[in-house]
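The structure under discussion is supplied below as C-alpha cells; questions concerning it will follow.
Labels A, B and C are assigned to the chains in the order they are written; within every chain, residues are numbered from 1.
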Amino acid sequence: MSAHADTLTHDSHEAHGHGALSENNFLGLPNIKLAMWAFLGSECMFFGSLIGTYFFYHGNSLSGPLPKDVFSIGITSISTFLLLMSSVTMALGVDAMRQQKPMKARTFILLTAALGACFVGFQVVEFHEFYTEKHLVFAGPNASLFGSTFYTMTGFHGTHVTVGVIWLLIMSVLITKKKLVPGKEAVNVEVMGLYWHFVDIVWIVIFTFVYLLEFLK
Amino acid sequence: MASIADFAAAQKPIYHQERPSKTGLMDWLTTVDHKKIGILYGGAGLFWLLIGGLEALLFRIQLAKPDQHIFIGDTYNGLVTMHATTMVFLAVMPMIAGFSNYFVPLMIGARDVAFPRMNAFSWWTFFAGSLTINASLLFCGAFPAAGWTGYAPLTTKEFSGMPIDFWWAGLTLLAVSSMVAGVNFVVTILNLRAPGMTLMRVPVLTWMMLVIQFLLAFSFPPVAVGLILLAFDRTFGTVFYSTGMGGDPHLWQHLFWLFGHPEVYVLILPSMGIVSEILPVFTRRPLFGHHAVIFSGVFIGFVGFGVWGHHMFTAGMGPIADAAFASTTAIVAIPTGVKIFNWIGTMYNSKMTFPTAMLFAISFIPMFTLGGLSGMMHASPPLDLQQHDTYFVVAHFHYVLVGGALQGLFAGFYFYMPKISGKMLNETLGKIHFWVFLIGFNVTFFPMHMLGNHGMPRRIYTYPADAGWNTENLLATGGVFLMAGATLLFVYNLITSLKNGKDAGSDPWDANTLEWMTSSPPPVHNFDFTPVVLSERPLWDHKYTPGMEIPVPEQAEEIHMPSPSWKPMWVSASAGLIIVGLLTFSGIAGIPGWPLCIVGALGVIFSVYAWVTEPV
Amino acid sequence: MSNALRTLSKRLPSLASTAMLLLLAGLATACDEAHPRDAYAHPAADASEISAWFYNMYMVLDTIIFVGVLAAFFIALIKYRKKPGDNTLPEQSFGDPRLEIAWTIVPTLVVLGITVPTLGGLFELAKRPDQNQKIIDIEVTGKQWWWELDYKKEHINTGNEMHVEVGTQVMLHLTSADVIHAWWVPRLSGKRDATPGRSYPLNFRPKEVGSFDGQCAELCGASHALMGIRIIVHPKDGPDSYENWVKHTQEIAAKPTTPAAEAGQKVFMGKGCVACHSISGVSELAVGARSRTSGPNLTHVGSRDYIAAHTLKNTPENIATWVKNPQAVKPGALMTNLGLTDQEAKDVAAFLTSLK
C-alpha cells in the first residue's frame, strides 16, 4: 500500500509543477486529489471486506477467549483519543501549508506523526497483552477464529497508520530540504491529510462497532 | 470540406526538456509512455491468449472421447484452472489494459495518462504476477488445480499443495496492479479531457473504460482480502477457512464473487465499447441512442455490485437471499437489451461496408445475444439449481466471453492496429480468420448447451461412455482446433503486417474520434496541439460539417513529457519480493523465505523515496 | 497464392453456412444417443419437474427474443449495404427517444413478468415438507471421493447408492467431511452443495421407479470426475419394494460360504482393510455403524451396481483391480494401496461379492 500512496505525492509534480500534462484539468480538481479520493473509495471496499469478515464470523469462534474477555475499553479509549487528536494537528498542518508557512506546517506534521506513532505503540502493547495474558492467538494450533479476524483487521489498520507515519516523516524531510514548498504543492499535504483522516475514520468505525458494541448490553 | 491534412501544417510543439531518443531494450524497461505500455500489455495479452488456448486444446483432447487417460486427475484440473485464470487475468484483461492505455489518452485528446510512472508500476506488477502464477509449473511441476474460483477449503493447506501458493501470490500482485491502474485511469478520463469534451462527448469506448476502472478499483479489494486471508491461513496457520474451528466456506465465496461478478463486466464492457466505436464508422451514421448506450453501460457497472449471490444459488444461502439476488440479476437484462437494440438501430438506414473489423463487430451482436439469453436462465434459481456448474453454464460464459469479449477485442485489433503500427492488417487473411473462428467457436460451444442439458457437470476429466455425452464432446474438441488455427492465422497476420502491411495514413477508416487526427503511429506527445472538442464526433464534424472544424492554433505549444524511469520497476520488484517472501515464508530446502519480506519492505520504502525525489 | 486465398475468402460465407448445417446434422445424430441424465425431457420427481417447467418456459421466451433479434439483424444486414459507387452519406440520425423508451420499457416488463414465477418456484422448492407424512430422512456426507449415506431412523449406513421409495417424500441433509461437494442427480432434483461444517436440506418426491445416475458437481480435487451417485427408486409393493430393501439391508452381513470368500475375509481382517471399512457382523456387532475415517460401510457391498463411487461396474474382476491399486483407478484416491498379491485381491473380491 505504501508504494501506492506515496507515488501519488510525487506524480503531482508531473501534473502541477510544470506544464503539459496539467493543461487539461477538466474538473478543476488537482489530479492528485482526485486520485486520492478514488484510492480511498477502493480502501473503503478493502476495510469494508475486513470488517465484514469480522462480523460474518462474530460469535463463530469455537474456542479461545471472547471479545468481552479481552477488550479493555479504558486503554483503547486513550489511544483512540490520541488518534483523534492527530486529525486535529493534521488539519492544522494542512492549513499552515496553505497559508505559506512551511515550518509551522512541518511542526504540525511531526506532531501528527508522533501521535500516530503513539497509537501504533499502544496497539503493539495491546496485541502483546492480548496474546500473553489473555491467550488470544492469531495463528497456529491454539488460534481461534476471533483471534485470526481481530488481529488481521486491526493489524491492517495499524499498518495503514504506520505507512501514514512514514509518509509524514518523508514529507517533513522534503519540507526541510525545500523540495516541498507551499503554493501549488500545498495540495500534497492536503492529500496526505485526506489519507490520514480516512484512516482515522476507519478506526472510529472499528472502535465503535467492534469494541463498544460488545459492552452495549 | 475541411481535411485532416490541415493538422499536418500545424506548428510542431516545443519540448521543454529534450528526451534522449533511446530505442531498444532499455527504453522498453524504463518507459512511462502510455503507448509503449499499451503495446507491452497487448503483446503480453496475446502471448497468454495463445498459452491459455493451448491449455484448452490439451484438456479438450482428453475429453474428445469417454474414458480416456491422457490428462487425468489434478493434471487435468490444473489445465482447467490455468486456462480460466490465464484467459481472464492474463489474456483478456491485459488486452483490455492495452487498448485502454493506448487509446484512452488519444481519444480524450491528452498527452499521456495522469500518472505515467504509476502506469509503468501497474504494468510491471502485472508482469511479475503473470510470471508468479505460472512459475508453479517450474518449481512444483504442477499447476494450481482448485479451479479459477479457488473455493476454500479446497485451497487450504490440508487439501492442496504448493501450487496454490503461487496462485494466491500471483493473483495478489495482479490485484494490486489493477487497483492502481483503476485509480490512474479514473483520474485520467475525468480530468485530462481536452477542452470542450464534456462527459456526453466522451467516446463510448472511453466511457466503458471509465466504468471498468471504477469496477477494478472497487471490486478488487474484496478478493484481495480473500486472498490475504488465504495466504495467512497457508503461511501462518490462521483459521479463516478452517471449518473445524468454526470457519465458514461461504466467506470465500462472498469475497470472491463480490469481485468476480464486477470482473465479468470488466471483461465485456470494453468490447461493447469497441463495437460501439466501430459500428458508426462502417455504417457511416452516428451511434443510435448514443446516450442510452452510455447510460446502460454505467447502469450495468452499478448493478454488477449487487448480483454476486447468483453464483451461490446452490450453496444454501436460503430462499430470501436467493430471491433478492435473482431479482437484481434479472435487471441486468434491461440495459443489455437496450445496447443490443441500439446497435441494430445503428445498422438501419445506413450504408454498411464490411471490412474484418466490422465483421467481428457485428457478429458480436447475435453471439452475445445468445450468451445473454442463456444467462437469463441462470438468473432464475429454480432452473439454475439444474444448470449451475454444468456445461450449459460453460456454454453460456463462453458465448459471452469468446463470442462477446474476445470477438470485440479481435474487432479492436483490426480496427486500431493501423493506428498503432501505421500498417493495415491483411483483409483476406482477416476474413478467413473471422469465418473460421466463428464456425470453430460455434462448433465448440453450441454443443455444450446440450451437454449441460444432458447432465454433464463441468471440470470433470472423464465421463462414462453410456452417459450420452459422446457426440457433443467430440464436436466440441473438433471446434477447438478450428479456433486455434484461426487464432494462429491472426497472429501471423499481425506479425507480417508490421513489415508488409499497406501504409495506413492517419485516418484509414474515415473515422469519428480524436485518435484518428494524429499520425499513425502517433508521436510521443500524441498531438501537435491540444484539440478543442465541439461535438461527440469531433473528427467527423471537422470533415463533414461546415463550421465545426477543429481550430488549429497558430502558436506552437510548449510541452513537457515525463522522462523514462527505473523506479516503477524497482517498486514492483520490491513488492514482488515481499510476496515471494510470504510464499516461501517457512522455507524451501531449509532456507527460510521470511527475510525476503524485510528486504522487500525496505526496498519499497527506498525506491518510493527515490521515486518521490526523482526529477521528471 | 494470395489470389487463391482471396477467392477462398469470397466463398467463406457459403462455406460457413455449410459448416453450420453440418453442425446441426451432427447434433441431430447426437439426438439418437440415449440421454439417461436429461433433466428437462424426462424429469422423474416433483423438484426436477419445477426446473423443467422453467426450462421450457425460458426456451419459448428466448427463442422468440432470439428469432426477433436475428430477423432485425439480418434484414438490416441485407438491406442497408453500401452500393458500389454510392458515396453519399446516409441520413445522420442520432436516435429516436420514442424508440428508446419503448425498448427500455418492453424488456423491463419481460423481466418483471419472469421474476414473479421465478420467485414462486424458488419458494416452492425451499418449502419444508409436511412433517406428518412418511419421510425418508437421509444424512448425506460428501467425502473425497464418495458419498456416505446414513439412514438415521432405519439404522442403515451405506455409500454412493441411495435407495428410496416412489411417491414418498425424501429429505436429504447434505454436509461434507472435507471440501465442498455438490449432490446432483439431474432427473430427480437440482443440485445442492455439501459444505463442511454446515448442513443444508434438499427435498424431492420421486415419481418414477428406476435407477437414476448423477455425480458430484463441485470441483473437489483430483478425482472429482469419479464421484458418482446412483439413486434407486423402489416400488411401494412387491418383492423389490423399498420396505424389503430396508429389511434386507438392516441384516448383518452373510457368512462366507466358499473357501475363496473365507480366505478373502481373513485378508480383509488381517491386512488392514478393516481399519477404514466397517462390515456389520464381521468387524462390528452393531447394525448400521457409521464408516470409520474415510472408507464406506461394506456390509452389503455385493448388492451394489457399481464400486468406487460409480467408477467401475461391480464385478469380481473390477474389485480385484480396484483393491490392488486404487490410485490407478482413481487419481489421488485416499484408499491405501496395501500391496495385495493377485491371489489376495481375488479372495477379497470373492468375499466382498458374497456380501449381498
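Of note:
Please note the rule applied: a residue touches a chain if its C-beta (ideal position, glycine included) is under 8 Å from a C-beta of that chain, and two chains touch if they have at least 3 such contacts.
Since the model is a prediction, treat every value here as computed from it, not as a measurement.
With centres taken as mean CA coordinates, the chain nearest to the overall protein centre is B.
Of all chains, A has its CA centroid at the greatest distance from the CA centroid of chain C. Centres computed as Cα averages put chain A at a distance of 32 Å from chain B.
Remark: chain A and chain C have CA centroids separated by 50 Å (rounded to whole angstrom). Residue positions of chain B touching 2 or more other chains, listed in rising order: 244, 246-248.
Those residues of chain B lying in contact with chain A across their complex are 16, 108-112, 114-118, 121, 176, 179-180, 182-184, 186-187, 190-195, 197, 217-222, 224-226, 228-229, 232, 236-240, 244-248, 251, 254-255, 258, 525, 530, 558-562, 571, 574-575, 604-605, 607-609, 611-614, 616.
The touching residues of chain C, counted against chain B in their complex, run 2, 5-6, 8-9, 12-13, 15-16, 19-20, 23, 26-27, 29-30, 33-40, 48, 50-51, 54-55, 58, 62, 65-66, 69-70, 72-73, 76-77, 80-83, 86, 88-96, 99-100, 103-104, 107-108, 110-111, 114-115, 118-119, 121-126, 144, 178-180, 182, 184, 186-187, 189-193, 195-198, 200, 213-226, 331-332. Those residues of chain B whose C-beta lies close enough to touch chain C in the complex are 72-74, 76-77, 145-147, 151, 153-154, 158-159, 243-244, 246-250, 283-286, 288-292, 314-316, 318-319, 322-323, 326-327, 330-331, 333-334, 337-338, 340-342, 344-345, 347-354, 362, 365-366, 369-370, 373-374, 376-377, 379-386, 388-390, 427-429, 431-432, 434-435, 438-439, 442-443, 446-447, 450, 453-457, 459-463, 466-468, 470-472, 475, 544. Within the complex, the chain A residues that touch chain B are 2-4, 6-11, 13-15, 17-21, 23-27, 29, 31, 34-35, 38-39, 41-43, 45-46, 48-50, 53, 56-57, 60-63, 138-141, 143-145, 148-149, 152, 166, 170, 174, 179.
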